[in-house]
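Below: a set of structures, written as structure tokens.
Okay, so chain A shows up in both of these, paired with chain B first and chain C after.
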Partner chain A sequence: MIKTIKNNETILFFIFIILCIFLSIYNPQFYSIQNINSILRSSSTVMIVAFGMTILLTSGEVDLSVGALMSFVTVIVMDVINITGSVVLGFIAVFLFCLFIGLINGFVRTILNVNSLIATLAMMLILQGSVYVYSMAAIYNTHLIPFFTFIGQGFVFKIPMPVIIMLFILPFFVLFLNFTRFGRYFTAIGSNSDAASLSGINNKKFKIIGFVTTSLLVGISGIILASLMDTGQQGSAKGFELIVIAAVLLGGTSFKGGSGTIVGTILGILILKVIDNGIILMGISQEFQLVVPGVILIIAVYFDNLRKAQDV
Partner chain B sequence: MFSNSFQFLHIKEISKEFPGVKALDNVSMKIKAGKVHALMGENGAGKSTLIKILAGAYSKDKGKIFFDDNEISINSPNDSLKLGIKVVYQEISLIPEFTVGENIFLEKFPTNRFGILKWKKLYKECKDLFNKIGFNLKVNEKISNLSISEQQIVEIARAIFQKASIVVMDEPTSSLTPNEIKKLFNVINNLKKNNIAILYITHKIDEIFQIADEVTVLRDGKLISNRPINQTSEEILVNDMVGRAVESSFERTLIANKENVLTVKNLTTKTKLKNVSFDLSKGEILGFFGLMGAGRTELAKAIYGYDKVSNGFIEIEGKRFSAFNTSTMVKNGIGYVTEDRKGEGIVKDMNLRENMTLPSLEFFENLFFVNRIKEKNISNEYIKKFDVKTPSCERLITLLSGGNQQKVLLSRWLLRELKIIILDEPTRGVDIGAKTEVLSLINDLAKEGMSVLLMTSEMNDLLSLSDRIMVMANGEIKAEFLSNNVTQEEIFKASVS
Partner chain C sequence: MKIISIFLSLLITIIFSLSVQANPKRIGYIVNYGTHEWYQNVIFGLQSRADELGIEFEVMDANLDVNKQTQQAEDFMTKGVDVLIMTPVNEEGVVPILKKAKAEGMPVVLEGNPAKGMTTLFAICDYDAGYKAGDEVGRILVSRGVKEARVMDVGLPLLSATVLRSLGFMEAIATHVSATKVHELDGSGMIDSSVEVASAALAKDSNINVIYGINDGSALGGLQAWRASGLSEKDLIVAGTGAEGLAFLNELTKEGTPYLVEAAMFPEGVGYTGMNLAVDLFNGVDVPKHKVTPTLALTVNNYASYYDFDKAAQKRAINFANVAGIPTEDKCTKYAEDL
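The block that comes next holds the complex of A and B.
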């Protein structure tokens, strides 16, 4: 039984298909273009960040500050574009800020040697507090630049822009983790950091790269979110980190590091989002949108343990 | 408190086997009440296994244990404690934030009928106990404020309080100063007066003659000798421990070419190494011998950039490094094979191929991607060359035997152009057949011009492979020998000095 679970992605794929069939029968509205687009659009922001989280978790680290950073990004991007009237300057501000946060996370982890769970939890608190130092009130779109709105709300060939952005980033990470030298290093570091270091790999460097990459991806997702909401809101992505981590773990990436899969992550997110959508379509109380991912997370980690146990 | 009525603990024909190793083979000894019985032997002689059987951590395969004439069975650490056998390990197992008194009375706090602690009684009984074993210590001092030797004495006091009739001490003096050793011996003498039996494990020959009444020597799991102290000598003991003469299986020719590859100068680390200096020539095998805790692994890791160097430097072909990491060292032609294959060697989530190519992955890169076909070809080449037993190079590394894993870890470094390879216990846990192959591989590497730092506890391998031998103790180099005119006895003596 456990042996067959090895091929995690196939199982996830079937779960996903079964869920889709079930919901389509229950409510034909499920497979309407609008509904599918809405699922895909809201999945995209999660996926973009989850790509970074997957390589981080593969290397045995985690970043809890992504949600708080994302909220902060929506505020910064909206504010800077409002002031300067330039989308490019808004983006530059966001990416510089994310680079800075990613570097701090990386340094605290590697130089100060603080466990990443604690280091990024602290960063989350710092960001949640300091975003109000930056601005007490939500920042509304006063620049009205059409391109900015297009990023989150627009379509190309009837496909939502966020999906296109996600699809553009996706192949880099699939190739990175599976086929490149550095991808292999991330796996080795997560599986046995001593062995990796004794093989001449600079663990600290790659861990910092992991944190910075994740932060920069949060920048992209944050910009999309700001465009979707047309506002910069201090609490707009609260709890986002938990959905990302839950999805990555559900996808089969190990919390202990050493194995990660981008395809699994994508399936994990799709499953969570379809369930989310199903809860609404079936008219179940919305509070269950939090309960279900919680339950699924426990199940996912339990399966992770089963898989690890048979390796011994 | 000292309710000791037995005469001796009799260990009779005990055997214990681990996969591939006979750790104990028919070992018998009698530990008498009121005597100090020393147990000696090299690393891997079987001392630890014997202690662990007495402590209930391992179960014996064969043999019997008696208290006087009554057979006893030890199936768990709890059984062992109940029978009055207490092992004081090198690692202290006290609670650092508790006081001396609290630690000693941990299992049995004196309380009144409401369950309230009776502190006065606790500390008074504690003082009495220390008086009996002849040691003065503030009973309300926190353990974390005590020195290692004081902590050890607290452990012993705790054993006595728990009515131990046999105290086993595992290398008790390994981290003590001469003055502290004197105090410990004083306590031991007091225990003897109270009719307690002491099993005293040590490498240090000079201590034996100060404290022991009888000496048992083990070698390769076998009982070699059991003698009263007045019928033995330093020479006899060294002979018993080291045993047979060396069979040289390799023809090593001392290199005429004295081209210097590596210079290590005054290398010092915060934790262990003190001013280690030596030179290494091209194609030379430089052996390092030392007992547990001598600092060989620490030296290997410091040279390799894994442990931080606090003072000193190394030079590779004239290029000087004083602060460096493993990545720099690998790029400059040093490779390291760890003694801890499972913990630091293999990457368990990866297959054989990925494990083999890990340190040299950049050579398999095509523009952006790793060329797996090239990886497979080269892995298969080395699988064939070293006769690694595996169905394919895609097999998970954890499914290979220890010897085959070791061949993979050695192959790792042959994919790079190395100048120097550091091998830490390269034959540990490798079965005999594969062992010879690993040894001849090392010999071949040196012949081809690679320089080797060989850290090993296997005296035979050391003497047959090395050109020169450095003996380490306490983080320092104590002696240097040419391997063609030194005996095992001389090396061993230097390592315990």
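The block that comes next holds the complex of A and C.
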């Protein structure tokens, strides 16, 4: 199994390299610092949420509400900072809200025993509607606090801030999923929930932790997006959940749970984002940016099924 | 003698009552996407005029669902509104409603998009709105001594209305300076999508001096991508379209902003005009097939004539009288069929 996953990551790495070489030959602008920064900045918000989604999918669950939550977060953070003039209070409001949503998702899944696909689909609809109850109009940056704008638009040593934030979070998840007992519990729950339960793992607790972690990571990505847009915008991050899920599955995480790596997820996202970037560099119709994640989703699930069949 | 005077006064009363046209009592409006800022402001304009005329005004939101819109139209007909105003979810979906309304003698006014079998429509001219913005940007470029406009168009190529805006913008600039469309992007009309595609496009070629957005989200998305790329705003000009909500006012009034022009479509004015058109139709007045609503290139120098903007409270109030005074085309210079 480990060999299969490692092979999967190797294949993804080579696909990524081939794509980069092809695009660099087609348009040397591809490997310009500005373009690399553009790809990495765009990848960062997806990666941050995908770290949580990898854990969730590994444990056999999924969260479809991440895009709607992210949109809601942009509105909350901008509104609270506008009202209070405090970035810290804005962040606290966001994380409390995300914690609340993550807990609800977790409880509906584990206590009410509703399939996570349905539970989080319902949450997605609730969030999409209630954001307009919160505010009918977009919330614009009237606080003009430079630090807030810096989060999404700033650079440190020519590296975009969203990338730095992502790199700060990344090691925790790599270490957690690969080198800690708790991280391995998620894989065990996804592989065989009953066996994990019999061996003393509290499935419900870990699944709730998975939903809460994912929601909190959405909070971070939502803050970055609000800063980047300089606006709290209802309806933003449309289809974000599908891009995250497609990338995580492409990275080798099984839709049925039991396997998944952060490195695979990162490679999956980079491939998707390089393809997106290539579509613009090559002047191909941008509608393919929607088509690509859809096609990749099908291919990834197909290969996941093949891997599962090989394991059996 | 007394009988004659009674007869005459009765006759005068009848003639007078026939000549004075009554306002409709109830008007219903089915919006296609009520949560969008544009439509919230259209509704505000409709409601404002309805209040002035003492008309009971009711709104239903189809939320981009054509079946829901059909059902809502039937509900309004059953309720017996005097005039039905609709923003079609799509041009084909509204045709059966128009047929049924005609059979029942219900006057229908459309907003935004024309449809087969319609009586009248109130809408802006997309090409002309884009042209006015392009014309203003062209003037600014000339005043700066710039010989060439290198444009990043954050557009929506799938919609003919937005393609017309972009076309008008480019053709107007070309009357002032040489104009090159360096990037033609699909920002989906959303600020986050626009940031993403514009970032990639700017990485490909950032030799741009004009960003045009087919709506406010697209223009702001293009500008935010520019800022996130760390490029200088010194020689940049950004032009948006719509004046949908507060976004353009917030940016336009920032000190040193490159967001200099807004092709304002005055959604509140659209609503106000639409209510007048509905009343005229009810009263049997000869109405045009397409009532063009005002558009204008707004800048920081003239916006206050049309909008009272309270930045602290994040509120805007339209000056209906000044908007109504904007010279308006009898018909659009270009339509979708001209593309």
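General observations
Basically, the second predicted complex is superposed on the first by the 306 of 312 C-alpha atoms of A that agree within 3 Å, B and C clash if a C-alpha of one lies under 4 Å from a C-alpha of the other, contacts with A are read in each partner's own complex, and residues count from 1 in each chain.
Note that a contact is a pair of C-beta atoms (placed from the backbone, for glycine too) under 8 Å apart; a residue touches a chain by one contact, two chains touch by 3 or more.
As the structure is a computational prediction, the values presented were derived from the model and not from experiment.
In the three-chain model built by superposing on chain A, chain B fits alongside chain C with no clash.
In the superposed model, A:259 lies in contact with chain B only, and not with chain C. Of the two partners, chain B and chain C, it is C that touches more residues of chain A.
Within the superposed three-chain model, A:155 lies in touch with chain C and out of touch with chain B [touch as defined at top]. By the document's definition of touching, neither partner reaches A:143: not chain B, not chain C. Closest CA pair between chain B and chain C after superposition: 32 Å apart. Within the complex formed with chain C, the residues of chain A that make contact are 27, 29, 32, 34-35, 37-39, 41-42, 132, 136-138, 140-142, 152-153, 155, 160, 225, 228-231, 233-238, 276-277, 280-281, 286-287, 289.
Put simply, chain A touches chain B in their complex at residues 175, 179-181, 184-185, 187-188, 190-192, 194-202, 205, 258-259, 311.
Those residues of chain C that touch chain A in the shared complex are 35, 37, 40, 158, 185-186, 188, 190-193, 195-197, 199-206, 217, 220-221, 224, 227-230, 245-247, 250, 311-312, 314. Within the complex formed with chain A, the residues of chain B that make contact are 304, 306, 325-327, 329-331, 336, 338, 343-350, 354, 358-359, 361-362, 364-365, 368-370, 398, 412.
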